[in-house]
Amino acid sequence: MSEKIRKIGVLTSGGDAPGMNAAIRSVVRTCAYHEIECVGIYRGFEGLIEGDFKVLSARSVNNIIHTGGTMLKSARSKTFRTAEGRKAAHTHLKNAGIDALVLIGGDGTFTGGLVFNKEFNFPIIGIPGTIDNDIFGTNYTLGFDTALNTVVQVIDKIRDTASSHKRLFFVEVMGRDVGHLALNAGVGAGAEEILIPEEDLGLDRLLESLRRSKKSGKSSSIVVVAEGDKIGKNVFELKDYVNENLEEYDVRVSVLGHMQRGGSPSCFDRVLASRMGVKAVETLLEGKSNYMVGILNNVMALTPLEKAVKGETDINMELLRVSDIMTT
Amino acid sequence: MSEKIRKIGVLTSGGDAPGMNAAIRSVVRTCAYHEIECVGIYRGFEGLIEGDFKVLSARSVNNIIHTGGTMLKSARSKTFRTAEGRKAAHTHLKNAGIDALVLIGGDGTFTGGLVFNKEFNFPIIGIPGTIDNDIFGTNYTLGFDTALNTVVQVIDKIRDTASSHKRLFFVEVMGRDVGHLALNAGVGAGAEEILIPEEDLGLDRLLESLRRSKKSGKSSSIVVVAEGDKIGKNVFELKDYVNENLEEYDVRVSVLGHMQRGGSPSCFDRVLASRMGVKAVETLLEGKSNYMVGILNNVMALTPLEKAVKGETDINMELLRVSDIMTT
Amino acid sequence: MSEKIRKIGVLTSGGDAPGMNAAIRSVVRTCAYHEIECVGIYRGFEGLIEGDFKVLSARSVNNIIHTGGTMLKSARSKTFRTAEGRKAAHTHLKNAGIDALVLIGGDGTFTGGLVFNKEFNFPIIGIPGTIDNDIFGTNYTLGFDTALNTVVQVIDKIRDTASSHKRLFFVEVMGRDVGHLALNAGVGAGAEEILIPEEDLGLDRLLESLRRSKKSGKSSSIVVVAEGDKIGKNVFELKDYVNENLEEYDVRVSVLGHMQRGGSPSCFDRVLASRMGVKAVETLLEGKSNYMVGILNNVMALTPLEKAVKGETDINMELLRVSDIMTT
Amino acid sequence: MSEKIRKIGVLTSGGDAPGMNAAIRSVVRTCAYHEIECVGIYRGFEGLIEGDFKVLSARSVNNIIHTGGTMLKSARSKTFRTAEGRKAAHTHLKNAGIDALVLIGGDGTFTGGLVFNKEFNFPIIGIPGTIDNDIFGTNYTLGFDTALNTVVQVIDKIRDTASSHKRLFFVEVMGRDVGHLALNAGVGAGAEEILIPEEDLGLDRLLESLRRSKKSGKSSSIVVVAEGDKIGKNVFELKDYVNENLEEYDVRVSVLGHMQRGGSPSCFDRVLASRMGVKAVETLLEGKSNYMVGILNNVMALTPLEKAVKGETDINMELLRVSDIMTT
């Protein structure tokens, strides 16, 4: 099967993440290294369906390794969920002579890819790109490390003003229904409390913890809240609740939002993206399909896409304990 | 009168701003240079009332020029609005042998200072510290330049994700009831539209502008909204309004919030703070009082505090026009 | 004359500076606003001579306002110093229908432009782009503010390690034969001593100052040295000299080099570039030539190019004094 | 043995690295959590010999997690290499009632610790803090990730100016006699060539590679050179050599120097430091000694200090290959 791969297509889909451009660059350059063609597919599955393709040379990806976003754009496609949509996509791929696809994205992207592979036996390999780090089969997804740095740098700024005024801040960070981003950024930012979906602290214990923090002489408090937290209140409601129950605090809220998805990727994400791009292309060239490239214990590893989309990523219990100790 | 000044107190009050620590450092070092004592007063007027003082040596302000927040903390004081509060403050100052005050803050701080001066004939000089740049008598307030850089760097990140997904973002920035921060940051961030209190664009023209921007081929749009904007809707309502009226846009909101007040000051703010601190102390040593130190046409200038708190700062009409041209 | 301007060319020449892309964008968009064509000329005068032109639409400068370097590239051209070279350039301009030029650069660029204008009566306007801030007729050149932030941020890092080890660092910054960058960055970075060409401190007084600083209890020392400083020794020789004469210091050297020219422009530089681009184009449209656009006392101002290249920029004596006081 | 530990000392020694303060904070807070005392020892082994100790409470390490350098200062101590020096150190420890030490540093620090332990049977645990990542027994040393980000961010700036002028830059990075920093930062910065001690590319192949890069249409070239590289020339000699042999290049040099050791730690380093501090203290409380805490395959792991100082860290051959492919 490997001898058949003469042209590889690459696309980014779902929420964008820092490092996607570095991954695209790596896929393109690895194709050039193996002297096969690489085709960029714009706007994810949407562009696949519409045949929005462009041949990418090694030079066309100059000067993008350090940029945020994705030069191929991204989109969520409803049409790709229909058989007609996927049919059109397959026709475009055949017409363009593309033999295999590298899909950069998250769960949804991989699920779409699996359906497409099943219908047309079309070789695909996934690269996990999401700031949420919620993909089974890799210790790190592309963009996670960058997003962590973005979040701690912003909280560093918030702490300046928080500690000048002895305020309490609830800072909401992304992460969908997992707490990896919140837990790591919370520890990194020296947060007094971290609320994540995997652990329901409960409102009573939150109040108690804040009271203890105040008593211990802390000049300010930062509480990092994962967007998917299940404490039963969003950050604005949390603010009101604490305002009502803890008179001594001047409480504020900050929802970090989409800035977490942008920005120049960290060195870690650039290196990871470069490694994953090489592995993705060379896995296709070995005649394999339906795998996700990941990093496990510091080496490149393959996980069946089926497992990647079904598996769950556990919260690091040791880190959770470290977080508790740090707020002593 | 000048021979009487042997000890100067310094405090920060109101909202904190990057550069306040650099200003404190400058006040302290200028006192040391002139061989007079300097006393730090904690938590603004609150600490004045409570006698929360600490002598500051030249070395005690080592390594703070680059830090955000204020080492002297800040607060808003209700008690200082009472005659009793101010009486207590005066007693503490007399007991500590403090002859004059440098007040770092904004309108409210200066107003409090003027009342205090009137009652006790106590020499005061103001240094304008606020990210809003809304003080008459200075082209730049401390923190404004840093906040501008914070805002454009965050919008640069947002644009990464906005342009990957062809989205429209409403980004709310601070500035109370003036648009200086929004206008400058909007131009600096290359925003497609800037909504400021000084100009009511109107909802119809906003929609029209967004439609034109879309047609012109822009891959994304950023609309910067001043918190005091008078378009009649907050950013969340704006989002809903545009969603209802412009189908082609996927609209998101980002409220930047308090991160704008924190962070390491820019070189501009550090230099400005250093200059202002020298000028403030030396103005007191010349026997003057009730002035605000400012920068006008690149030189240090004094403005009567009375004028500083009453005067208004006009929006830069030339820059407003530049903004219009840039969104062609 | 104004009715003749239908097409404007823009080029960047000499050393690049952050904000050049923002200025190009502004020139292009202002042309679009006034419905005239804009042509980008690549590699400065080299591209002018070779006819390396490309029409720039308003959309072709999307997403460059925040980028360092210059999308039009820059170069130093020997050929443009010859009559033949300039003849070729003029022929290309005529053939392309270009009626006027906006030149973004420094002294050398403007001098070349003046010669060209004299020979062919070709309308030109200059925009000062250099990190050195050494152009008469403007309080700020493009890139100066960004370079200041780059320098202080790097020195902040150096100070971390300097103060951990109680070391003395000589940090060489750019600035050619003027000390603006060194003086401002030195004050902003809290340097213990600043060596600039405009003031010959002398080696004896340097040693004395360092001894005093050590005695005063400072845990580390940073000496900022302008590359054009006239103390008679480069930073490496200074290190050796101090090592021989001050045993108590562990001395290190850091030459910041070209990183000072790169990086994303500060908000200040982006706004300044946007304003200057508008002013440059509109000045040409008013039928004027041979002026440099500058910012004087916060408003856009025109200075005859002849004066701009001949005039000198004085060091800010007040700031020099502030620097002395800060190192008390 | 574990019941004997009632008071733990902590020091930083050798070259400082970002994350050392976060590690100190973690050691202090973990002691507080286990209700034992923690004593900070200043200036590494120097302070140990002089008894320069200070009790550190949980609050005394507020607001340091994000700072570079080390609040305990560092130093290299000759006296500690003498039996008298170590005797004095032991006496001070006994007098202060300190039962065990956490040593944050590199090879030299651990070697000193081992000698001390052998002589006095004094419990010690090491935490690897160095930007060089050259310690056996941990995938990451504290500061490595931060230094990588510092380097790529600076090279991003250099590339701006390099590509504006089509220049070739030799950029020297730290790393002593290993190439981890250079290899990872080189891949992350998209360098055209990376020269590391572990691989002698040879001058001929370097020239060939640069010629090929030029031909392939690259607008600029960055060559990252590890300070310990064995190509036989330092970066300045390399520049001269290439200038003589490759006429088409305008070559420049940048030696990044000590800025690489400073700066606010990345989130990765803050989290790693927090985890290592907990593990170090709890390992001592378990009655163990002479181990280094490390991270291996994402979990905290102990390596005998003896092994840590003798073992070597291999260059990642897969990453070396990725680097080759990326420069296609």
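A, B, C and D label the chains in the order they appear, each numbered from 1.
We take it that a contact is a pair of C-beta atoms (placed from the backbone, for glycine too) under 8 Å apart; a residue touches a chain by one contact, two chains touch by 3 or more.
This one's a predicted model, so the numbers in the text were calculated from it and none came from an experiment.
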| request: Would you pick out the chains that touch chain B and also touch chain C? | output: none
| task | Find the chain most remote from chain A, comparing centres computed as mean CA coordinates. | result | C
| said: Roughly how far is chain A from chain B, centre to centre by C-alpha average, rounded to an integer in Å? | reply: 36
| field | For chain B paired with chain D, centre-to-centre distance based on mean C-alpha positions, whole Å | value | 39
| message | Quick check: what residues of chain C touch more than one other chain, meaning two or more? | response | 156, 159, 163, 219
| Which of line, ring, star, complete or other matches the graph of chains that touch? | ring
| query | Can you list the chain A residues touching chain D in their complex? | reply | 25-26, 29-30, 32-33, 58-59, 62-63, 65-66, 139, 145, 148-149, 151-153, 156, 159, 163, 184-185, 187-190, 216-219, 264, 266-268, 270-271, 274-275, 278, 297-300, 318-319, 321-322, 325-326, 328
| said: Applying the document's contact rule, which stretches of chain B touch chain A when the two form their complex? | reply: 12, 15-16, 18, 67-70, 73-75, 150, 154, 156-166, 169, 219, 252-255, 257-263
